[in-house]
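Heads up, the next two complexes both have chain A, just with different partners, chain B and then chain C.
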Partner chain A sequence: MFGEYSIGDLGSIFVMQGFAGLILFSVYVLMALGLAIIFGQMGVINMAHGEFMILGAYVTWMTSNTFQHYLPSLFSGYFFLAMLLAFLASGALGMLVEWALIRHLYKRPLDTLLATWGLSLILQQTYRSVFGPREVGVELPQWMLGSLKVTDSIEVPINGVFVMGLTVLITIVVAYVLYKSRWGRQVRAVVQNRIMAGAVGINTEKVDRYTFGLGCGIAGIAGSAFTMIGSTGPTSGQLYIVDTFLVVVFGGAASLLGTIASAFSISQTQSTLEFFMSGSMAKVLTLLAVVGILMLRPQGLFALKVRK
Partner chain B sequence: MIITSRFFNRSELIGFIALAAVLFVILPLSLDVFRLNLVAKYLTYAFVAIGLVLCWGYGGILSLGQGVFFGLGGYCMAMFLKLEASSVENTKIQSTPGIPDFMDWNQITSLPLFWQPFHSLTFTIAAIILVPGLFALIIGTAMFKRRVGGTYFAIITQAVAAILTILIVGQQGYTGGINGMTDLRTLRGWDIRPDHAKIILYFFEVFLLFVCIGIAQFIRLTKLGRILVAMREQEDRVRFSGYSVANFKIFAFCMAAIFAAIGGAMFALNVGFMSPSFVGIVPSIEMVIYTAVGGRMSIFGAVWGSLLVNFAKTSLSESFPQLWLFGLGALFIAVVLAFPNGLSGIWADYVQPRIDRLLASRKSKAGAWADNSVADGAPAE
Partner chain C sequence: MSDEPNKGLQSPLRRKLLMGAAALPLISMLPRPSFGAGPATATVNTTGLAVTDTEVTVGILHSATGTMAISETGSIQAEKLAIEQINAAGGVLGRKIKFIQEDGASDWPTFAEKAKKLLVNDKVAAIMGCWTSASRKAVLPVMEQYNGMLYYPTFYEGLEQSKNVIYTGQEATQQILAGLNWIAKEKGAKSFFFIGSDYIWPRTSNKIARKHVENVLKGKVVGEEYYALGSTQFNSVINKIKLTKPDVIFTDVVGGSNVAFYKQLKAAGVDLSKQALLTISVTEDEIDGIGGENIAGAYACMKYFQSLDNANNKAFVADFKKMWGEKTVIGDVTQAAYLGPWLWKLTVEKAGSFDVDKIAAASPGVEFKGAPEGYVRIHENHHLWSKTRVGKAKLDGQFELIFETADLVEPDPFPKGYQ
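Let's turn to the complex of A and B:
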């Protein structure tokens, strides 16, 4: 298997594949962060999460088009505004959905799964009707194109580096918000004991709504980042939803560190395997390994000890 | 609640007679062969839906991977039919005659080992039951023995569905890839394609469906069914009473898998092909909605749910293709939010009391007291 490559080549291959894995890792982390907040903190399975992400991607696409037509001079910086808009749009839709749908179903987690699946079908068809069935691609500003030459044989694309930097930044912000801010403390209090949290004066319904909104908003940012490395279609979100759920479950729900670790191991395994076999087999083997490990260790990699 | 010792209580007997009349008499008499064949296709999903009633409605185990078992059963049947259709004289023009056409296209020159036993019909029938059954046993044992349940189980079954689909699509030479196994012709020399064969297959399928209904009803009425319900409501209490919760869950999951596999095998026979588009995540979730629409606690409801949703799907997607996804999505949400017990719940809440009242008023005139049969087991959640 390794015969035809020299040691130096192999090293470069691993670095490049590893870097491709890191980009996949960034998308997984961004999507899984939102999902981990919603699933881990609230116990709600949001099957429409992929569609919230795609909403972010479409918002980014629209922003980029607007800038191209009306503000070409500011085009190089459109992305930061697009990300903010994507966050707001997905977050607002998320809060609306929580109010209209999810809050009636907190006691029936399996039913939220079905209801949000129905929501995802409706959203997909909406995207198809509004934006058309074709995949759309975002035009990247000049400074994001091209690649950085690290050594003679190793090159890394700039947009990949940018997405990774973004991921790190957002992860830090989310961790800070959840573990240091007043609101984060309220969220964790509600998770640990809803009745007691209500008794000490936390408005649990409001906390739920904002938590769901934050999770969906992060999905929107994930979609925004996703446009830089791939094109967006009405059903793109569905392709990622099972993988992302596996990332969250594998990491151990309610554990941010676990989510990151599992996203890292899954994406690295997959992209490394992809070099040696067909993409579909790489994916099958990765998923099988994850399911196998979950059968041996159902609580995931980093389990939070909670008394039931 | 009065537990009747009879196999069906009165309202169930009416349901049974109504379903039998529609499936055995009314539909075959009123529909042409093409439409009847469509009904046969819809009914293959009813097998899955009945399995889900046992596993999800009674046992509280939501499996989002029923397409896996449907697919395994269907592929077992399709492999047998495909081998028969690829006899040496049928496939003379291939570079390797006697192997299925898609293998020839993928430069495979001899029949793979795992295909060999599917020359035998007896083996195939055994495989249709045993392969999905054993697969469910492995998944079930691994999950339930470790007390994994609820949403985790749903996600993992969904991942299994994704894995199997990717595998089937990826291994084109062995499975026919994304196109699946097409051009199935004969069963032991008997052509399954002409109209009269379709009619015979339809009646055979309805017969099998009623066998499955009978088995499901039997499970429901015995102590086993009671334990399943108890487990769904208060798992720990059942465990503390000394029952092995895991084993009962594994049993319900395996039964659901076997029912789904029978449905899949009938699908391959009736429709004449099998493809990965009936295996993956999307079809698996749609199968759950058939059960939910019919009523997750009602065996007959599951059959009606499969028929109605599929009928709506065909007619809506024929005339308004964009509307169908909106309709299906709205159906998911409506069934969950407004009618958690589906059609059978609506029937039990609104229609049945009126019929009972009507009958009771007639009986009380004759001086007899009314039979207060309670509609069975509507979940309280």
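Let's turn to the complex of A and C:
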């Protein structure tokens, strides 16, 4: 297959392909992190995850428009503010949803599935009515476009590097918040034993609300970042939801490390296979491998050991 | 049996109209009550369609909700504009066109169900509708069973022909071959890389394109790749493109994937001013989402661009923007959807009847001189003769016309040697 290409060409392609795999890995982690927190820590299957992401994307689009109209001189830096606003908007909506809908359904996991699916439909139609059914184009500052030339033949996309950096940063922040902060300890206490946690004075309702808000907020940041690589429309969230669930379930619920390991293995498998065969076949084989492994290890790659 | 209830409805209605009763305030409030001067209903409507002395009802059947709403909104807008213009010009056979809009909701069985409702309950004289091939395939048996008339706007893969459908978009050979010939000649292109979404239209189109490249242009296809609908990651295939260095990237990626593909292509450092790219799936509508800066320099091959410089098109674009807002853009399919009501009107007037059988028989040869794309004519196979054009995407999201065929290209839904 590669007989006709020079060693130098192949070398650079493999380096770039390695980067493609890493970028896919970062995208998966970023998508799945919010869902992993909600699913892992609260046991809620949030089918509206993609719509929270798209809210972030729309916020980014609105911020971009605002800057173009009123502050064109600061346009090159708008993206950072947009991500912050996306986090706040999605997080606030998440907390509202938790208060209005999810908290009534904690003991009925299948009902939350249905309720959040309904919520996703409602949000899609809301976006359609508010922003119109057509996709919107988010304009990016010039420095975020194009690629970095590492050598003559190796080029790395700038937005890919940006997503990678962002993913590392957010993962570190989330890990710190969950495993080092006082609030994180409370979250983990509630996960392990809700009744006992309540008995020792933890406000479990508040913990739930903030956890859900945090998960949705991270989805908002992911959506904001994905305006660089994907589309922004009322139903774009649906493009991400399947991969997101795949990563979370394969990684094992309730484990941040599991999510990362799972994102890494799925993205590397997929991007390697994609290079040697067609895109559709690569997807089929990746899914088959995931199904096979889940049959052997139904709890996912990493599972939290709890006394049942 | 099916036309009994309709007759029952018709005669009291007619009586009321003759009396000029205040029971029909809407009609009496019309600014210019010029409708009702056409030939008698009994002679132009022998099959019990929803035709009265003053009105005729047609159906609009597209997805206003769901994934496909992104694409189908433009078609709905164009059809409503055409109907409004026809009414302003006196209607069809002296009758005002009324429309009933149904939502296919991006769901193919829903399309079939709504088509049946429009034909059986509403007795519409024609349906303007469908967008994806899947929805058309779902609706087709209904159209044939209940003998309806469908005006279908999208460019599609061909391999279909029906008495009950007029295809106002291009079929695959019409759209693709002229574009490939042009790019082979203009750019001296010999090697092609195909990338498409994984469903029937891209696969059939690429099959036709491959045969043409290999047998006619004597070139080589160095890669052919398909990605599932909705895929958002194209870095691997972009690396393959960089490795194989094709003269031309030929794409038929659709939907949200399109946006991801062009953004990532740009980010990977592929400069479309140096690397030729020919797409058959990106219209002005798609560029809205992709962003002009991500696709500037790419070539698109279809029959219509909003920027076409002719009097018909200028008037059409101005009217469209007046009705739907200054910012709306008009893509190839939107224009094809606009042709539907007009072609139907012209055919009805040629046949002197609303009867579906007579319209189907009268359709071949019907000409529309006022089409924004220029003159079009219906072929015996119910597709349109039309020109094929190549445009180059500009930063502002519009296309600059680079090439057009000298003559109308004959539609050939069952191309010999390409299957």
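Simple rule for what comes next: the second predicted complex is superposed on the first by the 300 of 308 C-alpha atoms of A that agree within 3 Å, B and C clash if a C-alpha of one lies under 4 Å from a C-alpha of the other, contacts with A are read in each partner's own complex, and residues count from 1 in each chain.
Going forward, a residue touches a chain if its C-beta (ideal position, glycine included) is under 8 Å from a C-beta of that chain, and two chains touch if they have at least 3 such contacts.
A quick note: this is a predicted structure, and the numbers were derived from the prediction, not measured.
Peer 1: First (chain B), second (chain C), both or neither: which does A:Met196 touch?
Peer 2: In the superposition, A:Met196 contacts neither chain B nor chain C.
Peer 1: May I ask you to decide whether A:Ile23 touches chain B, chain C, both, or neither, giving the answer as first, second, both or neither?
Peer 2: second
Peer 1: Regarding the shared-chain residue A:Gly230, is it in contact with chain B (first), chain C (second), both, or neither?
Peer 2: It touches chain C, and chain B stays clear.
Peer 1: Applying the document's definition of touch, where does A:Ser278 land relative to chain B and chain C: first, second, both, or neither?
Peer 2: both
Peer 1: Kindly classify A:Leu145 by the partners it touches after superposition: chain B alone (first), chain C alone (second), both, or neither?
Peer 2: second
Peer 1: Quick check on the superposed pair: does A:Arg128 touch chain B, chain C, both, or neither? Answer first, second, both or neither.
Peer 2: In the superposition, A:Arg128 touches chain B and chain C alike.
Peer 1: In the superposed arrangement, which partner chain does A:Val168 touch: chain B (first), chain C (second), both, or neither?
Peer 2: The answer is neither, since A:Val168 touches no partner chain.
Peer 1: In the overlaid three-chain picture, which partner chain does A:Leu246 touch, first (chain B) or second (chain C), both, or neither?
Peer 2: first
Peer 1: Take the contacts of chain A with chain B and those with chain C, and give the residues found in both.
Peer 2: 125, 128, 238, 278, 280, 283
Peer 1: For chain C, which residues count as touching chain A in their complex?
Peer 2: Residues 64-67, 69-70, 73, 198, 224-228, 230-233, 235-240, 242-243, 255-260, 263-264, 266-269, 285-293.
Peer 1: Help me check something: in the complex, which residues belonging to chain B touch chain A?
Peer 2: 62, 64, 142-143, 146-148, 150-152, 154-156, 158-160, 162-163, 166-167, 169-170, 281-282, 285, 288-289, 292, 322, 325-326, 328-333, 335-337, 340, 381
Peer 1: Across the complex, what residues on chain A touch chain B?
Peer 2: 39, 43, 45, 101, 104-105, 107-115, 117-122, 124-125, 128-129, 238, 242, 245-246, 249, 278, 280-281, 283-284, 287-288, 290-291, 294-295, 298
Peer 1: Looking at the complex, which residues from chain A come into contact with chain C?
Peer 2: Interface residues on chain A, with respect to chain C: 5, 9-10, 13, 16-17, 19-20, 23-24, 27, 125, 128, 132-139, 145-147, 149, 155, 157-160, 226, 228-236, 238-240, 270-271, 274-275, 278-280, 282-283.
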